[in-house]
Amino acid sequence: MSDARSEEILIATIAGMLAGLRHVAVGASSPVPGAAALLAKQRSGGAMRVSVLGSERHNFFTDGGKELFDCAGQGRIDAFFLSGAQIDGQANINLVSIGDPDRPKARFPGSFGSGYLYFVVPRVILFRLEHTPRTLVERVDFISSPGISDANVYRPGGPYALITDRCLFDFDKARARFTLRSVHPGHTTNEIAEQTGFAYDIPEVVPETPTPDAETLALIRGPVAEQIAEIYPAFAERVFGVGKAA
Amino acid sequence: MSDARSEEILIATIAGMLAGLRHVAVGASSPVPGAAALLAKQRSGGAMRVSVLGSERHNFFTDGGKELFDCAGQGRIDAFFLSGAQIDGQANINLVSIGDPDRPKARFPGSFGSGYLYFVVPRVILFRLEHTPRTLVERVDFISSPGISDANVYRPGGPYALITDRCLFDFDKARARFTLRSVHPGHTTNEIAEQTGFAYDIPEVVPETPTPDAETLALIRGPVAEQIAEIYPAFAERVFGVGKAA
Amino acid sequence: MTDILSSIDPLAAKVTDGVVITLPPDYSGCANALWRAVIRRGVKDLHLVGVPVFGYHGDLLIGAGCVATVETSAVTMGEHGLAPRFTAAVKAGSIRVLDATCPAIHAGLQAAERGAPFSVMRGLIGSDILDRRADWRIIDNPFAEGDPIVAIPAITPDLAVFHAPKADRQGNVWIGVRRECMVMAHAARDTLVTVEEIVDDDLMADPSTKAGTIPGLYVSAVAEAKQGAWPQGLYTRYGNDNDHLARYAEMARTEEGFAAYLSEVVSGREAAE
Amino acid sequence: MTDILSSIDPLAAKVTDGVVITLPPDYSGCANALWRAVIRRGVKDLHLVGVPVFGYHGDLLIGAGCVATVETSAVTMGEHGLAPRFTAAVKAGSIRVLDATCPAIHAGLQAAERGAPFSVMRGLIGSDILDRRADWRIIDNPFAEGDPIVAIPAITPDLAVFHAPKADRQGNVWIGVRRECMVMAHAARDTLVTVEEIVDDDLMADPSTKAGTIPGLYVSAVAEAKQGAWPQGLYTRYGNDNDHLARYAEMARTEEGFAAYLSEVVSGREAAE
């Protein structure tokens, strides 16, 4: 077990949250979620579709840039991944800027599809590797998409969990609050409390995030590594040693 | 001149109303308007596009059934043709039914795109060969599309003229009224007054509809007949003798 | 994942009483072999939506008593004249007709495709089409003063059903430029397709075929049906059987003639299909 | 009819000060040879609309001082990091940014495509994107009680500009599955396209190529530009020049570095283009 890399633990943990779904989509710049979706697909016995933006092989769209969003609006995408330069305790995400948006201290690419997908995809998994008070904040400087909505706002989708390089949080929509679900091996609840800028619930017992079993590791290092290398060759080489020569 | 067939007079007359336009579209079941548009295109020296529904050769659309309407909504279609089981003096058209629409005495196919195209295509030419009090009525039984609209209704398009087997009417949108513009050879203003169910204006002098000159006839009987035969073989054979053997 | 079925009967079994079904226009692949199987099953109370019009295939279903409601911009047999069973049913008051205009049907389907509750469109104001559609609304354009515009609710059918030249074993269906079939598939809960042939190639692998392909993601089930559009034509494959369609138009003018047609062409072909 | 131009300079001349231009995403054909010619012309005050995002090509135009407004869901160099000139311009307050979310851009373009004044879309309510877009509205869904929904006005650009693998002499342009380029062409007043090659075949004649072709009807002018997307890639033809893009990302981090880049790659290539 101890030979599982931290990325492999994340991949297996995310894949566990995708089990039983029909269609998982993965956006740009998301190698770990992409690998997790491909792992879940491997385990589904052919029942799950995975659409990975940027992939030729794992891309089922033929109607242009709008199709991902249309597909989500039709209710045909069960899970998606979003990140944020900042994420706050109400699961608001900020992909735009720090400080005054008109003269920002930092400017990021932009909100991409988050202002829509966060509302309509039932299971949005937030993914932010850097877990510090700088990234997990009390209140984001710009709401690219809100974590919760008023009762009269159409919102079949929303945040399901937040995974970082230190731990996994669940999100409770009714209470608009995160709960610490598990701590990754080598990390502690105290460390997480120090490194998290927002308040969250801590159950009496917080388990360690499970490490993948041998069978899962074999899937990750075999077909998943090979498939993710098509889309993220640098990532596949760094994490799995799947190089250009492979 | 006297050897021009009545269809050829109609074709040449309609083509005259299309001169200088960039893009003319022709709907289903419209051989005479189709031939007129192809004649206008021949004369345009390559400047006019003609889209004929049902044609493979004269169809520029690749985005499905919606494209004709989108294209019109974009302002890219300058002229279109509509007909009606009934047409009234305010240029309302009825493509649906006679009598109570729920238990009609007669039922026709339906309104097709008229409820939209009549509003957005600048030059809609109404085309109804049968010119009788049964077809040209005081008030249609069902308004598939109205001839005029209130000032606050978005309406860049609308009726431009009405051509029948007896004559050509102009339509004045401001006055919501037809004017007799010319009478086809062999017909009279008295006969038209008897056969028209709605009131219209009659200028002091009503010319005869011009018959096509030799050059125009050669175009109609040559390239236009050949092209229309692809779409309407029976029409081309009957009118021009362009048969399956041609 | 798409069910690849070995015959049309299990596909026909998915067409159940009372469902809302989108039909393509005559030139975009009519699933007539499937419709004959549906008629043999005695399905009732279908709600047919023409995208944006339909002809023989819908007229056959209406005549066979399968249809309660027709929502369309037109029903026509084209050069073979009025659709006889549609016309008779309207006159008899035995079906409900929701008259539309072509771009309103497209607008409703595109709203469903986008996951939006409605689309707005120009036109229609002052027409009896709008006047008789209690399910449509006039709203104010929020971007202009005193500018009324029609809102068309999303059309979200239970089923989209059509015939196409080919599918592959992943359920991808090639439709070329017949993009209304793609919008139908996007908008519908389930899409049932018959095809001339199921091919071993991956239609998504070649950029040319991919550009005209509906991904299997949207296709619930596919079955092979050779000459499956007959007596109508299929783009890139075969034309209309005009002699047959003319004979249908003639026979279907009377109830007796239509009954004879059903007996010969629908019941009579069961063994062959 | 489409102008078939013999070089990119007369095409670049059609890009005038202050026009609104839609840009495709990085993977859908960026007209970089054309943009270099536009920069050499010294065009000013462009309003760029990302469909729904853009990268290098827009960053280059921003750095060169051609841009007043950016309307987009993101600007990114992908694996090469933040778009340096965009980031610097935003921090300096030298361009106006209208942040959007991808489907809002698509909704606005589709409204223009349909000739409708707006589209409605789910999502956005409660976001600062919406809060900062004075040109968007929240309206009531007329088909439900107390159901707010966002109305996005039609995006009707002056120009759509992109690079594609091929066009024919009638101005038909093959884009395969890059359908956002087709929506861009439908929505824009004029569409300017550079292509790898102008072919003698009629792209509308074969059902396979036709399915991925924008009709010349929507294309104002085409010019051939070999490797016209360089240093970005072109689908079905060639990949990104990643070494070059990495070098750009590095050089463009400073104004001096960017000026050196312009001098080398934009001014310096004039004779070759």
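Letters A, B, C and D name the chains as they come in the text, with residue numbers starting at 1 for each one.
Going forward, a residue touches a chain if its C-beta (ideal position, glycine included) is under 8 Å from a C-beta of that chain, and two chains touch if they have at least 3 such contacts.
Because the structure is a prediction, the values reported are computed rather than measured.
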Most distant chain from chain B by Cα centroid: A
For chain C paired with chain D, centre-to-centre distance based on mean C-alpha positions, whole Å: 36
Gap in Å, rounded to a whole number, between the CA centres of chain B and chain A: 59
Chain centre separation in whole Å, for chain C relative to chain A (CA means): 40
In chain D, residues with contacts to at least two other chains: 103, 110, 114-116, 121-122, 147, 149, 177, 182, 210-211
Residues within chain B bordering two or more other chains: 61-63, 66, 69-70, 73, 120
Interchain contacts, given as pairs of chains that touch: A-C, A-D, B-C, B-D, C-D
Complex contact set, residues of chain C against chain A: 1, 112-116, 182, 186-187, 204, 210-211, 213-218
Contacting residues of chain D [partner chain C, same complex]: 103, 107, 110, 114-122, 137, 139, 141-144, 147, 149, 151, 153, 176-177, 207-212, 235-236
Chain A residues touching chain C - in the complex, by the definition given at the top: 23, 46-47, 49, 60-63, 66, 69-76, 120
Residue ranges of chain C in contact with chain B within the complex: 25, 27-28, 51-53, 72-76, 78-79, 82-83, 86-87, 90-91, 93, 97, 99-104, 106, 110, 121-132, 146-149, 177-183
Of chain B, residues touching chain C in the complex: 28-29, 54, 61-70, 73, 95-97, 101-105, 107-120, 142-146, 149-150, 152-154, 234
